[in-house]
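Across the two complexes that follow, subunit A remains constant while its partner is subunit B and subsequently subunit C.
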Partner chain A sequence: MPMTMMLKGKLKLPEKARRVFPDRLGSLVAGFDDNKDDKGGPDQLIESGEELETFQPNGFGLDREFDEDYDDDDGKSDGELDLRVRQKPDKEAVASVSVSEIIAADEKRSDLEYELSQKEINLEKLQRIACSGLPNEGGSRATAWKLLLGYLPASRDLWDKELTENRLKYAKLKEELLLSPSESSRKKDGLNSNEQHADSDVDGPLERHDVSHEDHPLNLGKASVWHQYFQFAEITEQIDRDLQRTHPDMKFFAGDSSLSRKNREAMRNILLLFAKLNPAIRYVQGMNEVLAPIYYVFSSDTDEQNAASAEADSFSCFVRLLSDSVDHFCQQLDNSAVGIHSTLSHLSELLKTNDEELWRHLQFTTKVNPQFYAFRWITLLLTQEFDFHSILRIWDSLLSNPFGVQEMLLRVCCAMLLCVKSRLLSGDFIANLKLLQHYPEINIEYLLQVAQDISPDTSSFRPSL
Partner chain B sequence: MVLVLAIGDLHIPHRAPDLPAKFKSMLVPGKIQHIICTGNLCIKEVHDYLKSLCPSLHITRGEYDEDARYPETKTLTIGQFKLGLCHGHQVVPWGDLDSLAMLQRQLDVDILVSGHTHQFKAYKHEGGVVINPGSATGAYSSITYEVNPSFVLMDIDGLRVVVYVYELIDGEVKVDKIDFKKTATASTNPTD
Partner chain C sequence: MAAYRADDDYDYLFKVVLIGDSGVGKSNLLSRFTRNEFSLESKSTIGVEFATRSIRVDDKIVKAQIWDTAGQERYRAITSAYYRGAVGALLVYDVTRHVTFKNVERWLKELRDHTDSNIVIMLIGNKADLRHLRAVSTEDAKAFAERENTFFMETSALESMNVENAFTEVLTQIHHVVSRKALDIGDDPAALPKGQTINVGSKDDVSAVKKVGCCSS
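For the complex of A and B:
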């Protein structure tokens, strides 16, 4: 296809799905009329591709508001100021939209594959491709996520070495920390097993070994393996309970099949290991939800070896992902500068910067404070607010944000508020709380687009154009 | 990994007021999955105490137990092992291995736990294992006054049982460990 050849290698992002325009997005996007004049239609693909070329030298990081341009190519009229201009393409291009969507999706996939097959992965490029969504099938999402989280290095040559090293480390950790005391004593006694076999055929009193100064199950000493085991028994129970409740509608996680049991066991190992290695936070309810998408994506990798080592890889990536937001889980840090309350106030500020009317309504009129609804959004990275595949799509954007997961997360949260603005404005405390705690279904691409368009909160970032 | 506490012959309140303090401090709820008790508690309070340690409580009747509803014998399967429970005063001569082996064959179990003699014993005999946890309070028996308080904790893990014997000797807790493996051929039931 001529189009593909022309555009190969250039930054190419697919059009977004059609969406309803938000109330006030117009005033957000100032000064980008260049790309905005494009109307819909596949012919425009070529031209917008050319135009994008000129923006590239500016670099991705220099001006965030340009991000939205990259997402907006294909001439699909997106993120425009003028409502009027927008309506027309929607009506005209109904038929050609699906065709160009398919073409765009194919091209995105080939771009993604091209990028992932490079010897030296360009992380910036990958971020750009990923933030417009990764394909659900195949192993590219798993690989992309591993790269975005920094688990895999950018040089493809180092992958094998890194992976084997990490997987070995994980296996060792498991052996060290997750063995039950009887298993570890069995291993220790394995050396003496030959003697015991000789005795076991002979009748008579059974041989006794004095272990008064060694370990035994009722040992109360802190150094006792048994004592430590029982201390974690409660946490293990809690983890098991939470795992039973993870995504009960998905066969992958729930039910009695051997597959789901195996998955739950793998996830339990990961969470328990994390709890043991981080005594300050241990396990907090909800960590299972943060782990679930990672483990799912890695297990569904089409590469068999990767899928088999999903547990080890998920552990590392889970730790990396959580290291960003681990302070949110620590109760002592709640009121500190890095705690959850501080993050919630950032969210408030962000909303205030972007939509003061809504902010005022929520904050003062209906007194719906962020801690009533956003606590779960932020600590669990939105895993409880949307269906599973939407979560994966949102996480594509979260993980590919060059400014970090938390930054994008706050924007998405703010966008969630903006997108139901009219309902919020007309609701009281109870109605608003109910709405936000059971967030309604929404077009995810639209939500993410709104999130991209959000002006940053100037207190923490330098002002945009 | 299943922890099973074998305990009995406490004779509270007739022959002993309570468990030794050192034993009591070790026996905390949450660690043990099953308790099998040979009998002669003798009163309900002891029953309640044991129940608080672990909800899965199995008791057989000793001749001094006040609750007449306990059964004479009991069998249960834990993991790969079949355990039999009986107080032991019914097996005459008391503590005789051959007679106990007869009971074991009758109940068709791998491990027979019985008491009455107030002496800890762990024997391999005629294809099965007989364990006597002794008296947890050190109460005097029909045979002797010299009784060390003792009880038994079994760690059943697959085909292997690790038996931990806790004895109070001269005021100190002594712990012994016994390893026991079940081999496929040792099973008395051919349909196993």
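For the complex of A and C:
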């Protein structure tokens, strides 16, 4: 209980959300807190979502370029999808703005700009601003994310020095780790001995280099540098295959343009370097999706130098972001307290705490194991569930959560279940699995508000009443 | 039955898994079969994806519940849960990438470790439309399939070649095995939809109906 109150006190309700969901939300949320099997709950949920339709879009700003073909790959074959929510596509609801909302957005932007221009950034204030969404334009999201991830220190004076150092460090790492054994041994030779030696590559067989048996390319031993190199060639292929499939609907990532090729190259470097530095995890499919928002946001920074250093900055921030969830990618830890199964059961507990009826229905009646849908939600930080703009918006909330990315992530996942409660309750195993694997379009602000108001998982402690 | 909708009318529900290395085209085979769609730019599958389609086999409606799994090693430990109750498997490789064919053996072992020994398996050489890039010959794959006692077809999800045939063949074979099995143990189709492991006959039984499938379009 104290936790809830603290949360609510700390994170003020975004103005916009308050206007869009006036009173209903309060009672709804109270319903969740009460943890009663309130039959009215789910219907209210959908209804209050539907009210959004009254806010008609007036064609404001969102880039259509990023709209996903979510409709297309949905489980429409089944015809089971409830159309009520689909009729009001999220992009329209989000894009729907009134004059007062434009003013509110302006205010928020200047709040943010003011905060970011301070000599000493107040992280708590920044978190409060960011959790209601950062502007898509300009470079403030890039700066804010770097601060929220702790990549930039709070005091502005240190930024230049810090960035320069980090970028240099990255360049060095790349040089050390992304060269082939022959390239690096040649380099070593070049450094340690004379020119003649370096030429022997061309003049004679490789053996004349002082290649130890361990380091011979044909040595199958695991410690051989060539063995490692070939292994990484495989990983590189895997990374390339996945980068080809990263947001294939966006010109920034996909296609044959020089821009997208440059971006894929940078992302490949980052992922490969991560794999080399983390031999126990290496590259796991899906890391490309986690990297994509970071790299996109940093490359779109209006500050040219920052944009040009997006690769180096993204690498550091990617590592920071993964630091508290990297265990989800690690097979050896699957069944440990930090592994993915444990996180999935936390989600289950959270749902149970907030809506036992729905939890029971999923767990026992339809037997939809969270592993079947939430595994991807959690390991990929929701990057395959929504369109790109919505992902960025959700990440604003994840990154600005004072209790950490994972805590907010589980709230959002739980909110995703609550927001389709009535459909889940009427669905069977197949219908529910299809619904959750192809999550319907939804108003993101609404979803995040529900997430924000979820009571924490109390399974570990029972509050005295 | 309670968990399934009354309006969802079918005689049998068969769980089929799609396995094979990353990037061989599993998801596109699935979307081609269940939605008649193909995308050169589909996202990589993380964890598992799921789709269904009902077809008529002999005089029965068979609903296929198809689980598409991630190809990468890391996901195998997690996906092994998805094998539970599977009565059919499409083991897919890419005819243009020999390594994906080489790995078929490992997939087969894993499949046999996690499923009923009588599961109906079909080896699928996908991307057969890329004739100029072919790296695995039809003969090699056919010989392998015969040796391993699995069905075999080459497909192209892009050109929609043999996809329908492959799934239909697997479902038909499962149906045959199940009906013959039903004669042995008494008919209880109601037990099937609950996703339990179905014994699809003794090893010899299954072998008896296996043949190498057609590989031309």
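Things to note:
To be clear about the criterion, the second predicted complex is superposed on the first by the 316 of 465 C-alpha atoms of A that agree within 3 Å, B and C clash if a C-alpha of one lies under 4 Å from a C-alpha of the other, contacts with A are read in each partner's own complex, and residues count from 1 in each chain.
Everything below uses one rule, namely that a residue touches a chain if its C-beta (ideal position, glycine included) is under 8 Å from a C-beta of that chain, and two chains touch if they have at least 3 such contacts.
Computed from a predicted structure; not experimentally measured.
Within the superposed three-chain model, A:F372 lies in touch with subunit C and out of touch with subunit B [touch as defined at top]. By the touch criterion stated above, A:K161 is placed in contact with neither subunit B nor subunit C.
When both complexes are overlaid on chain A, the residue A:A233 reaches subunit B alone and has no touch with subunit C. If you count the residues of subunit A touched by subunit B and by subunit C, you find the higher number for C.
Interface residues of subunit B, counted against subunit A in their complex, comprise 1, 3, 25-27, 30-31, 121-126, 129, 153, 155, 157, 160, 162-166, 172-181, 183. Considering their complex, residues 2-5, 8, 22-23, 31, 34-35, 37, 39, 41-44, 46-53, 65, 70-75, 77-78, 81, 195 of subunit C touch subunit A. Residues of subunit A that touch subunit B in their complex: 180-183, 185-186, 189, 196-197, 200, 202-212, 214, 216-218, 220, 230, 233-234. Those residues of subunit A that touch subunit C in the shared complex are 72-73, 75-78, 238, 241-242, 244-246, 248-249, 254, 284-286, 288-289, 329, 331, 334, 340, 365-367, 369, 371-372, 375-376, 379-380, 384, 428-431, 433-434, 437.
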